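Note that chain A is present in both complexes that follow, paired respectively with chain B and with chain C.
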Partner chain A sequence: MRAPRFLLAIPAWAWLAAFFVLPVATVVYFSFGYKPGIFGTHATDVLSLDRYREALSPTFFTTFTNTLRVGVLGTLLCLVIGIPMAYWMAVKVSPGKRAFLLALVIVPFWTNFLVRTIGWQVILAPEGWLSGMLQALGLRENPLAILYTRSAVLLGVVYNYLPLMILPLFVAFDRVGPAMREASKDLGANRWRTFTRVTLPMARPGIIAGILLVFIPLMGDYITATVLGGARGNMVGQLVASQFQAAQNWALGSAMAVLLIIVIAVTVLVGAAIAYVVTWPLSRARRLRLADLEGLPEKVR
Partner chain B sequence: MSAQAGAVELTGVTKRFGDAVAVDRLDLRIEPGEFIALLGPSGCGKTTTLRMIAGFEQPDEGEIRISGESVAGVPPHKRHVNTVFQNYALFPHMNVAENVAYGLQQTRTPKAEIRERVAEALDMVQMRAFADRKPSQMSGGQQQRVALARALVNRPSVLLLDEPLGALDRQLREEMQIELKLLQSRVGTTFVFVTHDQHEALSMGDRIAIMRGGKIEQLDTAAAVYAQPASAFVAGFVGQQNFLAGTARTDGVIESGPIRLRSERAGQHVAPGPVRAAIRPEYVSLAPVADLTAGAGHGTENTVVGRLASIAHLGETMQYVVEVDTGHETTSLLSRIPTPAAPNVHVDDEVVASWTPGCILVFSDPNAGPAIPPDLTTVPSTTPAHPPR
Partner chain C sequence: MSHPRRSRPVRVLAHASVAPRIMAEFNRRQFLSVAAALGGVGLLSACGGDGDGNGATPGADATGRATGGELESQLSIYTWGDYDSPDVLERFTEELGPEIRLDSFNSNEEMIAKLVAARGTSGYDIVVPTGQFIPQMVENDLLEPLNKDLIPNLEHMDEAFLSMAWDPENQWSICKAWGTTGFVYDNTVITRELKTWNDFLDAAQNEASGRTSVLDDPAELTGLYFWANGIDWTTEDEGDLQAAEDFLVGELAPHIAAFDSYPGGSAIPQGTHALMQVWNGDARIGIMESPDPDRWTWVLGAPVTQLWMDNWCIAKGAPNIEAAHAFINFVLAPEQVIDQVDYIGYHTGAKDVESMAEEAGLEMLDLVFFTPEQIETMKEGEVNSAQQRIVDIWNKMKAAAGA
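Up next, the complex of A and B:
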């Protein structure tokens, strides 16, 4: 007798329940509670929305705006840099060298995230070697003043998250295959048109995956921003962490975390809507349906 | 455009991949509106030739002219040539109508005209009703028609087809062969059709170019390629042959073991020395040995006695394998006879195989032979053993 099909789905459901539903539900539950005293972290005997009111303070708003800006800008930067890089690797590089380049993309992951970021702090510091070298070469008069600016944060974000963008994009471009590009060129499309009308649309799942893989962890990341942005680098993730660790106020931390989840979800939806609205006229112009052909005389020759 | 429109001319075209020569100083002239079949075994350079005409590969040497103009350095999208790819290469994210419209959109054709021409092209392959389907929702044969419409809608000077029927089952394949041929005569476009199926090439091509090792061995009509093959390779590749290695005597008789052949083909001159004779199985007739007329048998020209080793029913024909003992080994002769005319013979019978002198092809290079499937290969006897009895 064959096992019923749902048996196969059990591991997936169990995984989802244990590692996603349960923790998120707990956080949501805690967010309605309060901090019972100096030594308690949370209590849920009285439930209220007070922690949310508390969380939505002006500081929190500025931090949120900052986080969102880093998140969106960082993701867009990774996308803009990642698309040509992934395309080049998947299309222009010979298969033999591809494995080597992919390894290069992954190599930074072999060291700790914090260590890598601090590495950049050392490089970008005004008294660091990059600054010294630029001055020695006469390219700069003053020490480098990039550390603890938004540029430094974005540089760190691109450095830390670009591989997460490149890998799915590479797979997507690779899967389009040379046959599709040749068919397009055969039909009179030049390289650019082939890219925009065949390669890019066919790679859409990979692009979406890349955006989500970068944007979601980036919204919760505060290490990159604190290490390279200093005081300017306040991120929501940091606020959440400090509530859980320093202030020992799990209830408020949970409320902030829930707000973060909501903001991420809303941003993703808004982004999808914008992408749809922007591309709609284009796809509309090229759409051709059976209904468009109706009424045309059938020519029998 | 000129009267040259649709002509394709390859002069001394060579293409190398590293050390390997894929196409070797190939010369080919295709007339406007012609249906050319490129036939040859796997790896002989058919696809490479097509890809050079389409512009996906650049020849290392030689020149390609399309419609009278050299296309050196012209990228694929600027060539007035379209391709039907072996795997169809339809765009999976577009429906059938959008796939067909793609080429017209590249030339900025007005929308109303695009609609008209897409409808017309889909009607041509009877696929208008499928306009909304995605490629993944269609069968191989339907995809093949769409690929054809997508190429023809651009009204190219030359249409290149790379084994477009390869993925279809036999019945659909034969239907599509007829349809494609009719379509070609209607639209009048030059078709360059690549196949490794000889029946397909013979039935469709106005002329057939038989390729081997990056070169064209023969370029001629189906009838000529079949009846007057230019080499032993062509003889064996188009249809089947019984190849018999032997020696031509000064009187013109060829001795191959116990078998004596005398060719009486018009215009065929047999020089004395080692030769290779070829007889098509369809020219070999069989009779029970009892029917043997006095004096016939071993030693008689164009007749041989052997043991019937097997009989196979192929539908419209019967196929017989006759084993002839040459003393050292056996030579098998293949015979194919229309089923209604099948002789009354049985396996293990002694039978007489004979053929008319007009059907024997003689090639002077005894080694240049094609690879024919082993079960059908005639094993040539090496030494002329028995003297005539």
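Up next, the complex of A and C:
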């Protein structure tokens, strides 16, 4: 007799239940509670939606808008930089060098995330070596003034998250394989057409994975933004953390966390809807049906 | 061939032997995007709250007070990061035996949350809360009373730093280090002389606009406004708090470049800002590390500023209570005091520590020791009903500064 197939999935389900479902459920439960006193963090004997009313303050919206801007811009930048890089690695580079390049993409992950980000702080400081070098070379008159600006935040985001974009894109481009590209060329498509009509659409799952892998953790990350953006890097993740750590108000913090989860889910859905609406007419216009070929001369048919 | 863009069935002409492989390939891709979505949300939900468990075993003699019996083989200290000279810790283990395990926290709130959650089984022996948190910690049964008979070195402490308002008889706590808040400015950018918190606020909105950092701590921010305007910084009055909010959020926020609690670590040596609110010990480290120390001017906050004092306390249920007493007694000995001051850059509250530090040739002692007149202007904080309100102001200010 064979063992039932779901046996293999039990560790995964147990993991998800213990480390995802249960904590999120606890957070949701706490969010209906309240803070009982200076030394209490949460109480749930009276449940209400009051914490959500408190959480939906102008502070939350301002901070959230800033977070969303960093999230969307950062993800787009990673995508724009990641696609050519991943395509080059998957298609143009010889397989021998490929492993080396992949290793180069991954190596930064061997160092602690915070240390890498603080490293950028040192590089970008107005009196850091980069600023000094640019001034010495006569490329800049004044000290570099990029640290604690939004540009510095985006630079840090691209640096920290680019590998998460490149890896799924690389896998996706790699899986398309040379056969499809050759077939496309044989059928008369030039390189650009092959890329946009064949390779890119086929790499779609990788593109979606890359976008989600970058966008979602980025929305919860506040280390990169505060280390490099200072006051300009105020992120909603920090707002949530401040309720847990400084205010010791776990109920309000939980309500904010739940709102954040909801808003991110909605953003992802809206993004998917927009992508669908934009690409739908394109794919319709490009669709080739044999029935449409009626009017063409005999030879072509 | 079509691709799996709309989850319609895919038809592939292939040899039967590779069919399972191709099927698996498509499923794996779909899995990749779903896993990414789930994994991301999982990460999000992980931000915030700290784990409670630290795997330590609860003490058997949780209720017994120390009697001066044999020392245990271990000692667990839960304190602020990088807050004790490693030499002192090593000497303790060498001379008296117990192995020290150090763990650190970033805020009193974090430490208290852990002790509250553990209900006397945290496994920590020594904790180092700031003074104003001690009364509520006692009330909530988080601390063990000290057995002062086992701490004879208490006689080396300066009376001025004993019998503080939060613990008049030092029943629960002994001063570990104290410090104050002031600011440091770059005198090549701000050429006039700054002397008070009002000067700080004025410069922040003028010469140093966009190049000013403030401490990343709620009470320090509202304190900034209250100290400058002659309002008691422990006020619970809504009118005062609203006025602080209006100024900090509406007027000061746009000029702030960063919320940084330790500018001495990198901002001063790297010359990142022109004006920084800073704690005295951190200012000293920053200026000493700077390639051009003369450029930086330290100003003690005036007309009033804060006095914070961190204290040696013993956690409720401490498993190594004898070793904890022995350690507190050990660090209070004059032999250890100079190493501690040299390492952390703060006054430890010991008698004659200033002359000892001068003899030992420590640098920039005007940032460590203050005159009695200066100490007169320093006032301790308080944990009260305004706590949530000041955290809200802090968050609002950060949102306004980031907008």
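We adopt the following convention: the second predicted complex is superposed on the first by the 287 of 301 C-alpha atoms of A that agree within 3 Å, B and C clash if a C-alpha of one lies under 4 Å from a C-alpha of the other, contacts with A are read in each partner's own complex, and residues count from 1 in each chain.
Everything below uses one rule, namely that a residue touches a chain if its C-beta (ideal position, glycine included) is under 8 Å from a C-beta of that chain, and two chains touch if they have at least 3 such contacts.
Remember, it's a predicted structure, so these values are computed and weren't measured experimentally.
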item	value
Between chain B and chain C, more extensive residue contact with chain A	C
Chain B versus chain C as contact partner of A:Lys97, first or second or both or neither	neither
Contacts of A:Pro217 with chain B and chain C, given as first, second, both or neither	second
Partner chain(s) touched by A:Tyr148 [first = chain B, second = chain C, both, neither]	second
Touched partner set for A:Arg69, first chain B, second chain C, both or neither	neither
Contacts of A:Arg289 with chain B and chain C, given as first, second, both or neither	first
First (chain B), second (chain C), both or neither touched by A:Met202	both
Which superposed partner A:Ala179 touches (first chain B, second chain C, both, neither)	first
Chain B versus chain C as contact partner of A:Trp250, first or second or both or neither	second
Doubly contacted residues of chain A, that is, touched by chain B and again by chain C	180, 201-202, 204
Complex contacts: residues of chain A adjacent to chain B	179-180, 182-190, 193, 197-198, 201-202, 204, 286-290, 292-293, 296, 298-301
In the complex, chain A residues that touch chain C	16, 19-20, 23-24, 27, 35, 38-39, 41, 58-59, 62-63, 65-66, 118, 121-122, 125-128, 147-148, 168, 171-172, 175, 180, 201-202, 204-206, 208-209, 212-213, 215-217, 219-220, 226, 229-234, 237-250, 253, 257, 260-261, 264-265, 268
Chain A contact footprint on chain C (complex, rising order)	1, 3-5, 25, 29-30, 32-33, 36-50, 106-107, 109-110, 112-113, 116, 136, 139-140, 213, 218, 253, 256-260, 266, 270-272, 383-385, 387-388, 391-392, 394-396, 398-403
Complex contact set, residues of chain B against chain A	54-56, 75-78, 81-83, 85, 87, 89-93, 95, 97-98, 101-103, 105-107, 114-116, 118-120, 122-124, 128-129, 131-132, 150-151, 154, 186
